[in-house]
Amino acid sequence: MTDTGVSIGLSRDEMAQRAALDIPDGSYVNLGIGIPERVASYIPEGREVIYGDPELINAGKRQVTTVPGAAFFHHADSFAMIRGGHIDLCVLGALQVASNGDLANWSTGAPDAIPAVGGAMDLVAGVKTIYVITQHCTRRGDPKLVERCTYPLTGQAVADRIYTDLAVIDVTPDGFQLVELSPGVDYDYVAERTAAKLLPIATDK
Amino acid sequence: MIDKSIATPEAAVTDIFDGATVLIGGFGEAGSPIELIHALIDQGASGLTVVNNNTGSGEVGLAALIKAGRVAKMICSYPRTANSTVFPELYSSGRIELELVPQGTLAERIRAGGAGVPAFYTATSVGTPLEEGKERRTFDGRHYVLEHGLTGDFALIKCQAADTHGNLVYNKTARNFSPVMAMAAETTIAQASQVLAPGQLDPESVVTPGIFVDRVVAVTHPAYESELVAQGMSYP
Amino acid sequence: MIDKSIATPEAAVTDIFDGATVLIGGFGEAGSPIELIHALIDQGASGLTVVNNNTGSGEVGLAALIKAGRVAKMICSYPRTANSTVFPELYSSGRIELELVPQGTLAERIRAGGAGVPAFYTATSVGTPLEEGKERRTFDGRHYVLEHGLTGDFALIKCQAADTHGNLVYNKTARNFSPVMAMAAETTIAQASQVLAPGQLDPESVVTPGIFVDRVVAVTHPAYESELVAQGMSYP
Amino acid sequence: MTDTGVSIGLSRDEMAQRAALDIPDGSYVNLGIGIPERVASYIPEGREVIYGDPELINAGKRQVTTVPGAAFFHHADSFAMIRGGHIDLCVLGALQVASNGDLANWSTGAPDAIPAVGGAMDLVAGVKTIYVITQHCTRRGDPKLVERCTYPLTGQAVADRIYTDLAVIDVTPDGFQLVELSPGVDYDYVAERTAAKLLPIATDK
């Protein structure tokens, strides 16, 4: 399967905007690098959300302004927040997501690659709800939503919901459950580009 | 708008349920959240498991909670202190359970609970009666015992100042167990001499970040346990 | 008289020996003790095991230490960063060893090392390639892996201000790994923009108590890695 | 054996003073409650020593002034100092000390006693050097320096040196080694009151 080149589905910013709608007021949220960090720009007005991400403010080497009510803490405390279950929600990128919730987002396992994991494994192990934002397929057109991940895992059965350019999909005990289609996209279009069973929206049944 | 402030101690403790595990800050009277404990006595929850280093003194604060028969079990390192008569009486007559934990193990177990560590090894208590029933393991030729993380349904703590985001600073050694208890409880309730707007605490000096705190309640002039005991007060 | 101040970075690192394990603070360039690292390069110790979240950038600071061939092994979570070319080259040609550790596990292992905890369980890395070779254990129906405390012979860290007792405060997120590294090293060496007399730091705001720090050295105007890299500097 | 009532050996303050002489300049020291805390008053002039003891400043409910260069920290950090091997020296009381270094100082094991341990087990497990200050015998005249402790242990093989009213005694691989006699006390007097082998001072041999 190859991409047609025609612009179908959401842009990266629109994906971030869609995910932002689902972030509850008052949540403690961790945003990964890449599309996930764009989510912050789209939190609906009136919702106050606290981001805690040492990578976002540090490794990204961006100038970040502290908001009133901020606090500084060391890395063990920072990851105690993550690993101790104190972060409500995390938005991460993906290389592959499996229909059982397995997530692979740190390595393609290529033999010559320099392995680097950062805090991704801590996040998926410790954060209550994991949202994934990703293009539905790779640039080569390979599906990223799969039956079983072939890349090294970041965590097992961790993804709760996936926001792609084509759809919003929940990971359920029965596998991928379509929740919402992007404008101009239908079930078959998404299902063709998903390498696992995709349950249709209930009203479509 | 995040605003974790609650008007009164009474309103802050309404949902503490029978049988809950409650982490109560303080080391002796330093850092003891007396007003929150008294509100809990008024609220009426019973069958509680309470985690505190001691068991209170006189008949106020934690000792009053125990005297009221609300505590089924104490987890602590030092249940005997000056003016501590309530716990010894109940314990001697078999009406309250005690889990005795070395003080550092207690602090570390609470931190572990808050940090997502279900268990860790420590050299403390090896070869003593407090090792009984625990798994022993050797690392690099030294013996250690396995201890488990400790969490609570609620934490009641006292601090010097809070902001409405729940960031806290403490007063000197009254800090003691409160920062780790705030990490380890499902719901952390802090009484503060001052509740400030966000931005009024220096982010560099915040000791407990707001993420660990759910409710803050202003208790502008907190009572001191030793003064109440000296006055012969018995709560309620 | 306790006075932990040392006149120069050179004098502060003289006893770092070949084969030592050196914990180096910083997260990317934030908190990187560049002047201490450059002094270590000049000093000449080799065969080092270095613990840092990353592997430096350009050819200054940590990257320069690696480029000089002094580092036998890196323990880190993210060895690939922007402008990081030195480590990847050595690693690809098999001239440097890598122990990859998830970032939170790295921080917790260092804290454990400093707190006398030889090992603890964590859910991080369960079911992933980084679980390989580790013991798995189930608590309350959830899987965890056993991770070991990590200590160092030396820690090199950067802070905003120190007093001569070794009490430290940091600058914003440059705090990162430094407080736990100070706990975990046999000898902790801190560079500070200011070295103050005892009493000039607010005891309530001290982040690293002096007990964890052995030497403080004033580096009044510390260099920033990104600026040196942008200038094309290559140390020495 | 019963005490004669005659005042022989050091007073409690003199015991504390003697122990203070052996505390090195610049040490981080933890002092237990009772005689040990008196040690602080007798640190020789010119030596600067840092005390870190949450019990001394808190549970003892004494007003303690912070010295310049102090810092406040929470209990897990405080015990990380103790358990992580950062305290150089600790001075503790004792119910019994055995010639293998075993220490019992928290409970007589009486069936009706309320057990209370505090931080004693953490201290003996984590602090590099453990000094014990104790009366040589109980009020009843029973020796506190014994072959094997009969009371519940605080820690195994932890005591390094013992300061009593009668003597200074080291715990060595060969057992109790007399180091110094109090004024007016001879080897036999101490040995009679010690329920384990007591190696004489080398020059006495």
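Order of writing sets the labels: A, B, C and D. Residues in every chain begin at 1.
We adopt the following convention: a residue touches a chain if its C-beta (ideal position, glycine included) is under 8 Å from a C-beta of that chain, and two chains touch if they have at least 3 such contacts.
This one's a predicted model, so the numbers in the text were calculated from it and none came from an experiment.
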Contact-richer chain pair [B-D vs A-B]: B-D
Most widely separated chain from chain C, with each centre as the mean of CA atoms: D
Intercentroid distance (Cα basis), chain C paired with chain A, Å: 31
Distance between chain centroids, defined by C-alpha means - chain A, chain B (Å): 37
Centroid spacing, where centroids are CA-atom means, of chain A and chain D in whole angstrom: 58
Residue list for chain D, restricted to those that touch at least two other chains: 66, 72-73, 76, 79-80, 82-83, 125-126
Touching two or more other chains - residue numbers and ranges from chain C: 108, 111, 115-117, 122-123, 170, 172, 203-204
Graph class of chain-chain contacts, one of line, ring, star, complete, other: other
Which pairs of chains touch, using the document's own definition: A-B, A-C, B-C, B-D, C-D
Interfacial residue positions of chain B with respect to chain A in the complex: 1-2, 111, 113-117, 163-165, 167, 183-184, 197-199, 201, 203-204, 206, 209-212
Interfacial residue positions of chain A with respect to chain C in the complex: 54, 57-59, 61, 66, 72-76, 78-80, 82-83, 102, 107, 112, 114-122, 125-126, 152-156
Chain D - residues contacting chain C, complex: 26, 28, 46, 48, 50, 52, 66-73, 76-77, 79-87, 125-126
Chain C residues touching chain B - in the complex, by the definition given at the top: 108, 112, 115-123, 137, 139-140, 142, 144, 148, 169-170, 172, 202-205
Contact footprint of chain D on chain B as seen in their complex: 27-30, 53-54, 77-82, 87-88, 91-92, 98, 100-105, 107-108, 110-111, 122-130, 170, 172-173, 175-180, 207, 226
